[in-house]
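Alright, structures below, take your time with them.
Here come two complexes built around subunit A, the first alongside subunit B, the second alongside subunit C.
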Partner chain A sequence: MKRKFILALIISFLGIGVNLSPVLAHGANIKYESNMTYKIEATFEDGAPMDNAQVTIYAPDNPADPWEKGLTDENGIFYLSPDLSKAGLWLVQVRKAGHGVSVNITIDEGQFVSGETSLSKAQIILMTVSVLWGFVGTALYFSRRKN
Partner chain B sequence: MKKYASIFFMALITLSLILTGCNTAVKDEVTKDNSGSLLFTANGEDFVREGFITKDGWSLSFDHVYITLSDITAYQTNPPYEPENGPEIQAIETVILEKLYTVDLATGEEDAEPILVGEVKNVPVGHYNAISWNMLKENNGEFKGYSLVLLGEAVKDSHTVDFTIKLAPEFSYRGGEFIGDERKGIVTAGDIGDLEMTFHFDHIFGDGALPADDELNLGAFGFEPFASLSQDGKLDISMTELEEQLTAEQYQALLKIFPDFGHVGEGHTYSEQL
Partner chain C sequence: MHIPDGILPVAVSAGGYAIAGLATWHSLSKINQKDDPRKEIPKASLLTAAFFVASWIQIPIPPASVHLTLIGLLGAMLGFYAFPAILIGLFFQAVMFQQGGLTTLGVNATIMGIPALLSFYLFNLFRGVFLKGNSFKTGFLGFSVGITGVGIAVIMFYLIVVNFIPADINIVTERAAVFTLTSAHLPLVLLEGLFTASLLMYLNRVKPEMLEA
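This part shows the complex of A and B:
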């Protein structure tokens, strides 16, 4: 009788444990990574903006092929959001009407930071087992007291 | 027991020999493949190849444009060289094309490639992101004593001038990264990279396609001062004669062109008169 009672308790708590999983799955999590935008402003020597000028960006891991191409706006401005995981020297070239200018931007190691707040599968399993064992232990304790 | 021991040691020796041989082969391969070639080119751009209209309305076409260059040097620099900061180039690798070279920038058809000046083989791989060169007087031949000789025809309205203009400015130019349609100076193992010395002739004559008050045209010399010295549709004039026949103001305006004459694509250079 006592054994049947303990077994019934264990089975019912296992059922609770299984139902915990969908509850945990509906939880929220956050992923994050660093992001940086550079404002590139190009002007001619007389100070006039290089509007609608060709912009070519080269990343440090592939110096031969453009990473991005675009145009400056009417104020000679272009916004660059480099991939911070590619550390090293980035090259920005701006060209218009036979005039050209370039600048190197350094992205340091460690500027790129990323992470995530959600629980891993191992953490979920461990939590479930711990809760279940807590219930089992409690049931065993009280069943021994009755005897 | 002794038999097995001897077999073991023979196998060990054989294995050692095999491994040593492999390492040597790999090392040789690494050494041989760690270099490439670097080409140096000169470019007068479409202004020279196709001709153009000057700021003062003369339509120029060139038969020959001889330029004399020396001490052509490519650099891998760290940090990257910025000509606005002066002449110092912090080079970690240097490649020099020795000797004096005179090339004709007008060679070839309208769609011709930049003119090959020379090649250096077995250069270390890497990115050559800076270049320097001197424009010097030729030391022999028909145009001895001149660094830049222009031969061609100028037409305006009903007037035609066949010109040979022999100039002698001597300047050093130092440029950073080439600014153009593609990135230059990248040498990979067993492959060829190239660097270009660019010469902007619109800085000498101006550009009729731009407004008269454009900064380029305001600083350019034009062709009219040359045309005014022609006789019977012919002009054959040297630097010395220009100094004698132009006004002092005109001659100084001509000299002021050359510091901005050398470029790396559309990128500026740091220049010094020699």
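This part shows the complex of A and C:
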């Protein structure tokens, strides 16, 4: 009877262990990735800024569709934050009233750096079940019948 | 309620280790005085597993979310085994999931283990009267033990974190944040009281020998 009770307790604890909430209680997590902003300054030949000019950005993996579209501000400045995971040549086109200019910006392979501190759900489940089994095994060992 | 690494000054962490060391030594010497120290180990081991897993069970209390700690329950059911059980549970939580920390293991063990021992003393003091009586009396004892355990732990957590804020953190903001978090734990205190009460009532009816600590 006592063995059955202990077995029932063990199974219920394993059940709790499997029903894990995906959120850690008051644990904290950091995720980081590199981010670079390019200041694009467009001017006419005489030095006047290309204010409110149309900016079109093309990513290296899709030269047909624009990755981003925008406008320069009154000083002809546009800030570009490219996706650093897409290495290669980024095309930046600025045009206003029929006048325009384009430039290629190179993003190197090594520029994208990222990481995070948390574990994946599978890791968490495996670790929890391992620890729980350690406790359950201890309980079983110490409750074995003495010869 | 676990204090992670890097939050407290070194002196406080060292003090925590000293107190936890003393409490562990005291608990182990009391355990050693029993006729058969190994007899309670299966119960202690399974309740340590419950303590380990309890922090996964999130209860959303806006603006924060809290988790059951089972401090009072461990104290009542394990007696002096509660302190080593909580210490071991916290160690695994820190190592596996970075809940709490290793430098703050002593402090966390003090915050949770000492209330467990106090819950045990409370339980022991009134067990004769309350366990033999009707269910309501057992439930009342369980409720008191539950709220004592978590309540003292929450107060200790608040006092330690608020009084040892490092100089390069905005004190006013941090104090306000800690106060908000601590207030969110007040419903938890009631919840743990109710949980401990119902569990003790059940065990006293079905398997009273589990409450012989």
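Simple rule for what comes next: the second predicted complex is superposed on the first by the 93 of 147 C-alpha atoms of A that agree within 3 Å, B and C clash if a C-alpha of one lies under 4 Å from a C-alpha of the other, contacts with A are read in each partner's own complex, and residues count from 1 in each chain.
Just so we're on the same page, a residue touches a chain if its C-beta (ideal position, glycine included) is under 8 Å from a C-beta of that chain, and two chains touch if they have at least 3 such contacts.
The model shown is predicted, which means the values in this text are computed figures rather than measured ones.
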*asked:* Residues of subunit A touched by subunit B versus by subunit C: which partner has the larger set?
replied: C
*Where does A:F112 make contact in the superposed view: on subunit B (first), on subunit C (second), on both, or on neither?*
neither
_Per the contact definition in the header, classify A:V101: touching subunit B only (first), subunit C only (second), both, or neither._
first
*Which subunit C residues qualify as touching subunit A in the complex?*
1-2, 4, 38, 41-43, 45-46, 48-50, 52-53, 55-58, 65-67, 92, 96-99, 207
*asked:* Per the contact definition, I'd like the list of subunit A residues that touch subunit B in the complex.
replied: 44-46, 58, 63-64, 89, 91, 93, 95, 97-102, 104
*subunit A touches which residues of subunit B in the complex?*
79-80, 127, 176-177, 179-180, 183, 186, 200, 202, 210, 215-216, 265-267
_subunit A - residues contacting subunit C, complex_ = 5-6, 9-10, 13, 16-17, 20-21, 23-28, 117, 119, 124, 127-128, 131-132, 135-136, 138-140, 142-143
